[in-house]
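The letters A, B, C, D and E name the chains in turn, as written, and every chain counts its residues from 1.
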Amino acid sequence: MSQAAHQAQHVLSGEEIIRCTGVNKWYGEFHVLKNIDLSVQKGERIVVCGPSGSGKSTMIRCLNRLEEHQKGTIVVDGIELTNNLKNIELVRREVGMVFQHFNLFPHLTVLENCTLAPIWVRKKPKAEAEDIAMRYLKRVRIAEQAHKYPGQLSGGQQQRVAIARSLCMSPKVMLFDEPTSALDPEMVKEVLDVMIGLAEDGMTMLCVTHEMGFAKSVADRVIFMDRGEIVEQDTPDSFFTNPKSDRTRLFLSQILNH
Amino acid sequence: MSQAAHQAQHVLSGEEIIRCTGVNKWYGEFHVLKNIDLSVQKGERIVVCGPSGSGKSTMIRCLNRLEEHQKGTIVVDGIELTNNLKNIELVRREVGMVFQHFNLFPHLTVLENCTLAPIWVRKKPKAEAEDIAMRYLKRVRIAEQAHKYPGQLSGGQQQRVAIARSLCMSPKVMLFDEPTSALDPEMVKEVLDVMIGLAEDGMTMLCVTHEMGFAKSVADRVIFMDRGEIVEQDTPDSFFTNPKSDRTRLFLSQILNH
Amino acid sequence: MTDTVKHVGLPDERPPSNIVGPVAWLRNNLFNTWYNAILTVLVLLLLATAVPPFITWLFVTAHGFDATSQECRAGGGACWGFIGEKLRFILFGTFPYDEQWRPLLTIVIFIALLVGSCDRRFWKPWLGLVWAVGLTAVGILMWGGVFGLTPVENTLWGGLPLTLILSVIGLAVAFPAAILLALGRRSNMPAVKVLCVTYIELIRGVPLISLLFMASVMFPLFLPNGVSVDKLLRAQVAFIMFAAAYMAEAIRGGLQAIPKGQYEAADGLGLSYWQKMLKIILPQALAIAIPPLVNTFISFFKDTSLVIIIGLYDLLGAGKVALSDPSWRGFYRESYLFVGVIYWVFCFSMSKYSQKLERDLNRSHRR
Amino acid sequence: ATLDTVKQRGFVQCGVNAGLPGFGNPDSAGNWTGLDVDFCRAVAVAVFNDPNKIKFTPLSAQQRFPAIQSGEVDLLSRNTTVTLTRDTSVGLNFAPVTYYDGQGFMVNKKLGVKSAKELNGATVCVQSGTTTELNLADYFRANNMSYNPVVIESNDEVNAAYFAGRCDVLTTDVSGLAGTRAGVAPVPDDHVILPEVISKEPLAPAVRHGDDQWFDIVKWTVNVTIQAEEFGINSKNVDEFVNSKNPDIQRFLGTSPGMGKALGLDEKYAYNVIKKAGNYGEIFDRNVGPGTPLKLERGLNALWTKGGLQYSAPFR
Amino acid sequence: MATETRTTQGAPAPGGTSFSLSDPTFRAIVYQILVVGAVVLVGWFLISNTLDNLARRSIATGYSFLEREASFGIGESIIDYSPKDTYGRAFLVGVLNTLKVSVIGILLATVIGTLIGVARLSSNWLIAKLASTYVEIIRNIPPLLQLFFWYALVSDSLPPVRNALNPLPGVFLSQRGLWVPGLSHSPVWTMMAVAFAVAVVGTFALSRWAKGRQARTGQIFPMARAGLGLLIGLPLLAYILGGMPTALDMPKLTGFNFVGGKALSPEFFAILTGLTVYTSAFIAEVVRSGIVAVNWGQTEAARALGLPSGPTLRLVILPQALRVIVPPLTSQYLNLTKNSSLALAIGYPDLVSIANTTLNQTGQAIEGVTMIMGTYLTISLSISIFMNWYNKRIALVER
């Protein structure tokens, strides 16, 4: 996590790909998301952080409708997320997601994991899907394991497969929900390296993570959430060195001492 | 693990509490313990290390007869361990043991875990047993969880409960079998801190562990085992800086590079 | 740093003879405590009194397969003449005598299919095709009417082929129904869920024979006047209804074991409900559910014997009818032993197989 | 209507006893034989002119009424006693009686019992779901005696239990006892049938309520066999009677038309029945008569002209 | 940054219904209507056919037949029954007979199953092998076949009633079953029953007192011994004080059968043995896996604390094993109860057998079958309700 060179803001297209307006969500009586307003531009790299239970996962899962929001609008790639299944499917094709626990399909080989959605959702011919899959597997440096089963790989390798699997759908946006927190410390780096590579290629990314080194080196913007609201958003530079809210300050002091 | 202050040898009473003479044990054809001779004095803190499969666990488990030895004698607190059930029970009262996998009783609350043996073995009134239990639970800094069930605690917390449970029997000796190796790295420290505290109070301890920092800071003596025999025993100082046998050296080089 | 000594390890010693060796084995396994010693002696005594007479009855003083009932009645041990005389009846029931090579072939086909399906390497789509072909062959063999085979009424079917047909076809048809029921039971549509739960609990709550009774004699009451359905088919349907409910529970167990993350990952990739189920969830859930499914199969194989109560002569039924021949009355030990052994061989091999499968599957889940 | 269903289906579905020698019993080749079975065949002949267009459903006593009620069988010919309840609430219509029977007791000779009145305290094997079971209870109640019933569903099992010694007494219709003694007893002479006949058991084929035409067919098929014996017509000589000048016989055999049509059958159905199933006497002798293992005398089942009860309503 | 949305502007708020098949809520409603409609249609079809058929064949309907006189005899009954009683009472006799064989079967199967299950884990190789042979044989043979076997065994291997075996005074064993001496009427028996009841209450009180005392002083009271002593001793004391009556109601061969005493019929024996043996093999497996499921570490931890083997078993192993054992055990109990319907085949008057006779005599098959199913469903449902309650109560608390 030493690529301090990336710190410099890269040029954004200015085209908006995600817009949340006044998004609210409740679990029963519990108000998890409160008036979330968020706009993400194409190519932007956003890191979301905040204390446990602050609603980070919930927010990110609303963006591809793994969770349903109850008030406000979310528009992704020009499509509004409503109950309409067609729209939801369209959005999910364009939004890749990587989970904390990888969630690879254990009964399929690595390659099959990667070609499943392209074949069945994008209706690609098998050969083409495999070509693409191998390309991305190479990219995450795991091509030689293509015919193994997920159970035979280490955690870090599994997470890289999960990233490749998402990439195979050629999504416009990638969401990461604590992609490294279930990994042994030695494996964190290999996954972060892959993500940094993605960021360099200009992928739009939203990433929930506590890896502050990663945030500093690649993020265009850091979003800090607490108790269901976005408390602060800023460039990593000013976020880490000059937090505006005292809640942020408290949080940072805990994280950095740890 | 920075308490280098403890490096200094503390004064021992010279009273012997465990003596093994020519102990041998076989699993079927396999010779696990070979002519083990060991004498432990009251208040002594011993760390046992060695490669996997070298018989460390087996040796320590022979000391409270969780395993039966087949040749030689083991005398604990003046009682020889033979097939005599009475003697075995007497010894077990005086010897506490903490396992790698905690082995808490999942159907009992933390407090009940701690009072079970005092009530049924030491025949203490319930109120008194609970007082003692709360004292030790406080000591391991977990008193506020006394009414939770083990399943609700983190690994580190569970291991601290396991230590408290053993302490409640006011044992003369504590055996630890890799108490931290099943824990997440963040939790190792909280358990080691508790153990260091115990050591400072003068508890006689035998501890199988790979935490060399712990060994350096609290052990009076380090025992190195390989292929069923005690290859070397020495103060931590000379053990780590000046190992006598080539096997020890090999082992240390692996451990410390790791 | 001083030089280190090369440590010469102690040699492994052979354990003393009280730890290994036959004597030690006896001591450790039969006489390790005083009460075990007493138990061992008691059990040995018991075996010594029970086993030799049984062996004698079974083999030594027994009458051979060509003995007549008079010879048997004269005394001695088991009367295998009974089996010799009734073998074909017990195995094939009332199937026309000259055509009995057909049920025999049926049995062979079934066994081949079952044994073949045990090998996990064959778990490919074409296995379904093989089964379809096999079952068609069975149908042709039993019914006849084509390829110059004389037609045989299904009222004449009996014995082991009937047992196999009822259980195998019953399970094969119940399987997809069970999957739908299991999915329905986990559905978040309340009406569907309530219906599935009601069906499953209703069927599981009543004894099979009451369902068979309804199917065998009351069924036409529920149909429009004059419509009738073959009796064997109705028994088969009763079995299917029953099997579906029990298998649905086994499959539900498998579904429950699939972590939520798998659903989310599939959703996240944009798979539709049925794609998600067919490609991701069911393959995993069924693999987990195989051992309980095999157990369901075993209990249904045994339960086919209940059709005797509604007048179909499966293996057990045929064994009982064979006993009602006045000249061979009273040889129930031989009859039940013979029938019991056939059932036992099938069920035992299946249960051993299910245990092996469970171990294999567990192993392949781990690294 | 049942007739149409049967014709469309191509065979008659007949419920019979699963194992009562002489009345309904499959032989070792799987062919059904017996008096009840022959009346089923007679109906098949009446409808199809083919005694083989029939399928038999073996029924236990408990299963028979649900089976006929539900339509599982078209015809129940399973030594069933005619009773008021069965005619009414069970919903059956009974054809003419094909066998007049009465319930009796069989005991082992070794017991030395001479009369049913000596049976106080005995253990009695009886089949469940029969009038036998009810008569037994009534008889012992009326005579102030007690008994231990062993009630089993299948006939086979009841017999087996009796011969194994589980019971002192076996009770069922006398004809059934004879059949059992002849066909099932290991040593027939060890058993005696006690003289008392404790009930009237008119056994008749039954159809369900609601289809008068089918009922008529069964009724008039049974009558054909009785009337034929009265006329002296049997399967061997029936062809000689076809040209008979007797108008009764002409009507009967369908030489002069009208009778068969009225039933919705072939005009010559009676001829067919006699030709292919035989007259009552033939059926009786073939299955239960003195020449069979059952060795039953005609007794009550002789024609009314010979002092018995078999009497056919006139064909006109 | 004006966004163009592909849905119509002002689209309905999320959660609202849009009446299109791609709206999951709407779709779910459509599916459910379809499914429920299909089921209702099929149900209506069956019911209307049935009503139609019943009317056409003028078959009586309704449960009024339950009031009528049954006029058939029943071989054995717990309550008084004679052919003069009603069908309703006859059915009750059947239900009680089913419950009787089920309850006794459950008790015996549990005891035998537990013994065999423990034996399979025995350190004695011979016993472990023998137990697993038993399980493997019994489990894999159809229960009906076993019933036939046991029934045939009784009637074939035992002597006729006249030559009954007489192993103990007053005990007779023959094809007709087992006769044992009964208790003749005497107030002492009532006294003993009262004494036993007192002992039960006393044991209960004593155990509470012992618990309290242990909590206060730590002393452990030998509860098992004391309780057993009370339960046996008090009735015994009553017996002795009552003058030790020895008058028994001895079975005597009069006429055809033994009269007096208590009898166990071969049918009951066969169904009980068959069910017990068959179910015990399954229970053995349940018990074994329950015990195995408790991690060996638990035993070691208890031992390391110095707990003797008694308390280890009672306080540590059993409470954990029971959680694993009880759910499958109840379903075995349920299976045993359902399998008792096989009694039909060997002449034990259980509820199915009696209901079948009733429906045969009255012609009311539908009513008969609904009564059978209703009874079994009631039993099943009560057991599952109990199970759910129990599972909730004992569920381990996890994070």
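Assume a residue touches a chain if its C-beta (ideal position, glycine included) is under 8 Å from a C-beta of that chain, and two chains touch if they have at least 3 such contacts.
Fair warning: this is a prediction, and the values are worked out from it, not measured in the lab.
**Student:** Steps needed, at minimum, to get from chain A to chain D via touching chains?
**Tutor:** Tracing touching chains, the least step count from chain A to chain D comes to 2.
**Student:** Is the number of contacting C-beta pairs greater for C-D or for C-E?
**Tutor:** If we tally the contacting C-beta pairs, C-E comes out ahead.
**Student:** Hey, what angle do you get rotating chain A onto chain B on C-alpha, to the nearest 5 degrees?
**Tutor:** 165
**Student:** From chain D, which chain is the farthest off, judged by mean CA positions?
**Tutor:** Max centre-to-centre separation from chain D belongs to B.
**Student:** Please compute the C-alpha centroid of chain B, do the same for chain D, then give the distance between them in whole Å.
**Tutor:** Roughly 89 Å, centre to centre.
**Student:** With centres defined as the mean C-alpha position, give me the chain D-chain E separation in Å.
**Tutor:** 43
**Student:** Could you work out how far the Cα centre of chain B sits from that of chain C, in whole Å?
**Tutor:** Here chain B and chain C have centroids separated by 51 Å.
**Student:** Rounded to a whole Å, what is the gap between the Cα centroids of chain B and chain E?
**Tutor:** Computed value for the inter-centroid distance: 49 Å.
**Student:** Would you mind listing the residues of chain C that make contact with two or more other chains?
**Tutor:** Residues 213, 217-218, 220-221, 223, 225, 320, 330.
**Student:** Quick check: what residues of chain E touch more than one other chain, meaning two or more?
**Tutor:** Residue numbers touching two or more other chains: 53, 56, 152, 156, 344-345, 356, 365.
**Student:** Can you give me every chain pair that touches, using the contact definition above?
**Tutor:** All chain pairs meeting the touch criterion are A-C, A-E, B-C, B-E, C-D, C-E, D-E.
**Student:** For chain B, which residues are in contact with chain C within the complex?
**Tutor:** 24, 26, 28-31, 34-35, 70-71, 226-229, 231-232, 241-249
**Student:** In their shared complex, at which residues does chain E touch chain D?
**Tutor:** 53, 56-60, 65, 71-75, 82-84, 152, 155-156, 160-161, 175-176, 254-257, 259, 266-267, 344-347, 349, 353, 356-357, 359-365
**Student:** Flag every residue of chain C that touches chain D in the complex, lowest number first.
**Tutor:** 94, 96-97, 153, 155-156, 213, 216-221, 223, 225-226, 228, 231, 310-311, 320, 324-326, 329-330
**Student:** Which bits of chain E are touching chain B when the two form their complex?
**Tutor:** On the chain E side, the touching residues are 214-220, 295, 297-298, 300-308, 311, 315-316, 319-320, 323, 394, 396-399.
**Student:** Can you list the chain A residues touching chain E in their complex?
**Tutor:** By the definition above, chain A touches chain E via 14-16, 19, 39, 68-71, 75, 78-87.
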